[in-house]
Amino acid sequence: MPTDYPSAPPLDVSHWFNTSEPLSLAALHGRVVVLHAFQMLCPGCVSHGLPQAQAVHDHFHLHGVTVIGLHTVFEHHEAMTPVALKAFIHEYRLRIPIGADRPATTGVIPHTMRAYQLEGTPSLVVIDRTGRIRETAFGHVKDLRLGALLGSLLSETPATLVTEPEAAARQHEPGSCHEGTCRSL
Amino acid sequence: MPTDYPSAPPLDVSHWFNTSEPLSLAALHGRVVVLHAFQMLCPGCVSHGLPQAQAVHDHFHLHGVTVIGLHTVFEHHEAMTPVALKAFIHEYRLRIPIGADRPATTGVIPHTMRAYQLEGTPSLVVIDRTGRIRETAFGHVKDLRLGALLGSLLSETPATLVTEPEAAARQHEPGSCHEGTCRSL
Amino acid sequence: MPTDYPSAPPLDVSHWFNTSEPLSLAALHGRVVVLHAFQMLCPGCVSHGLPQAQAVHDHFHLHGVTVIGLHTVFEHHEAMTPVALKAFIHEYRLRIPIGADRPATTGVIPHTMRAYQLEGTPSLVVIDRTGRIRETAFGHVKDLRLGALLGSLLSETPATLVTEPEAAARQHEPGSCHEGTCRSL
Amino acid sequence: MPTDYPSAPPLDVSHWFNTSEPLSLAALHGRVVVLHAFQMLCPGCVSHGLPQAQAVHDHFHLHGVTVIGLHTVFEHHEAMTPVALKAFIHEYRLRIPIGADRPATTGVIPHTMRAYQLEGTPSLVVIDRTGRIRETAFGHVKDLRLGALLGSLLSETPATLVTEPEAAARQHEPGSCHEGTCRSL
């Protein structure tokens, strides 16, 4: 296992849904974690990302994978409020734990989304058993490829301790939704 | 053409989107009108109903059919506000004219939805060239069947005047969303 | 109804399947007829054309439409024999009547396919109640559009007699299958 | 890695397609092998199995996985001949190596299919780097699950030698195709 993967920043969440208590990555060490960053009004999240996140949960929860939805609102903040998210979760029958990313005090990008330097929604972050980010993908990731990554990470023993590198900063301009993805960076 | 179809009640809309001026059924006499009643958080509306409404518009607008979206909110009113609908229309790239059904002063069913006695969302109402309701369907209508109805109605001359029957009142209890539809009656 | 549509040539079929006796267009006057020309090894026919033909049969057979499959083999003749077609019909659970277009004595294009000047497979030919060709389409036709044509043709009274025009000859070079269609002209 | 997986029997193939020379499992030691058993007239193979096999090839061939199609004809032998298979491979643009399983001298089940005790088509056999059968599945396997298995097997070092267990004989009656699968056992 390579030792130069960045450590996953903590989740900074203002509201949790579908969980009786807040989730923390630290408490999930030993498990593989899949973060699905979405917005409830992002078409590609609704048609592909969230069904995939739910399917990953259904297939792999008992085998060591925890899926967490992260509602990373960076546009239309007035429409995608926690109360709206609650109705969305209800209507779409989502059962995975979902956290509302904490809104920024300045700017439009919420805290966790900024910490992970996500480009937009849907984004997928896959974190290994030791809390390192092994993949960050913007847009749709095919099930075959995601499955292979999970199969590989589940095969790793969580023993090895790894050092903390700096993640190279990405510098793009924010965009908007097109062809199923919504870009913020 | 049978003469016992009910006259379509007027649309009672609080906000219009994608149109420079309010639409009225009276002004559309001579055209076939397809009303697509939806809620922005209704999964079956998002996955099937609205894409079909948009496709009907794209195929038939030049041939005598007007498609109107009707946002008939009967649940989660706090989440499906006009400002949220505006963001939804933007993100889903909807181009058909859409009216927000006027909220009830008492009860949860908005005005136009009540006047048409719709069971829930998605619902489709097809109105002939003379302003008569020729079909009301709750749930998904197959493209072949909807196309056939439109082809048939477009073949009718708008000449004949018809008398106004009473629509039989339906008496069901309101339910909620399941398997792609959201029921209100 | 326009009077300049070509009369549909008779079907020249060597083997019939799913019917106790040969079908003739003459005997179907008064009904709308949909011919679906296909090859059993044409991907677009298998994935879209034949399911659509079966759906048209299921929706409209009781309402005046007869669907006929026409196996128009113009390539891989050694693979798409009647015995192979019989197995194909069995495995794909096809229930519409299907005729094997009579092989040419010279050249590769079978008789009926040549008479109708079809470009390849899948092709759709829609014949009105009076036996006139109202549409010939190569490739996938959307359900909405096909439904509308059928709805319109079913609205026509079969009374009017029409005169027989010449169909303009089309002159293209034969090609092969790509993007779901197989071209012969 | 468990040591009680059965050794994969050799492939007994009468014709190879899409490969300049016959493939042997022995020569593929060190790689993960996916066998996709299909029949060209099996609907579930055409709609799901073969596209998945091709996708696995496209995603994983460079990363240690070899996909092999195996045409295991156990019904309609007269329709699914090697010449018909050749046309099928051409029309469906298949690029994976495909072997025609050697027909039985007695009975309908071809040699390799019998050696692997496959129930029907589509079937998937996944063989690890040491030549052991790690999964045999009849019917559709989800991409997420197949991906995870491949990711896990690719993580194994091919070093360990394993002993050869007996595979428990299955005793079912042969059936036929339904709901996308064709059963032989």
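Chains: A, B, C and D, in written order; residue numbering restarts at 1 for each.
In this section, contacts are C-beta pairs under 8 Å (C-beta built on N, C-alpha and C of every residue); 3 or more make two chains touch, one makes a residue touch a chain.
Everything numeric here is computed off the predicted structure, so don't read it as measured data.
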{"item": "Path length in the contact graph (subunit B to subunit D, fewest steps)", "value": "2"}
{"item": "Each chain counted as touching subunit C and subunit D at once", "value": "none"}
{"item": "Chain pair, B-C or A-B, that carries the greater number of C-beta contacts", "value": "B-C"}
{"item": "Chain centre separation (subunit A, subunit C; CA means) in Å", "value": "51"}
{"item": "Approximate Å spacing (C-alpha centroids) for the pair subunit A, subunit B", "value": "37"}
{"item": "Shared interface positions of subunit D, touching two or more other chains", "value": "none"}
{"item": "Arrangement of touching chains [line / ring / star / complete / other]", "value": "ring"}
{"item": "Of all residues in subunit D, those that touch subunit A in their complex", "value": "52, 55-56, 59-60, 142-156"}
{"item": "Complex interface listing, subunit D residues touching subunit C", "value": "41-43, 46-47, 75-76, 78-81, 83-84, 86-88, 90-92, 177, 182"}
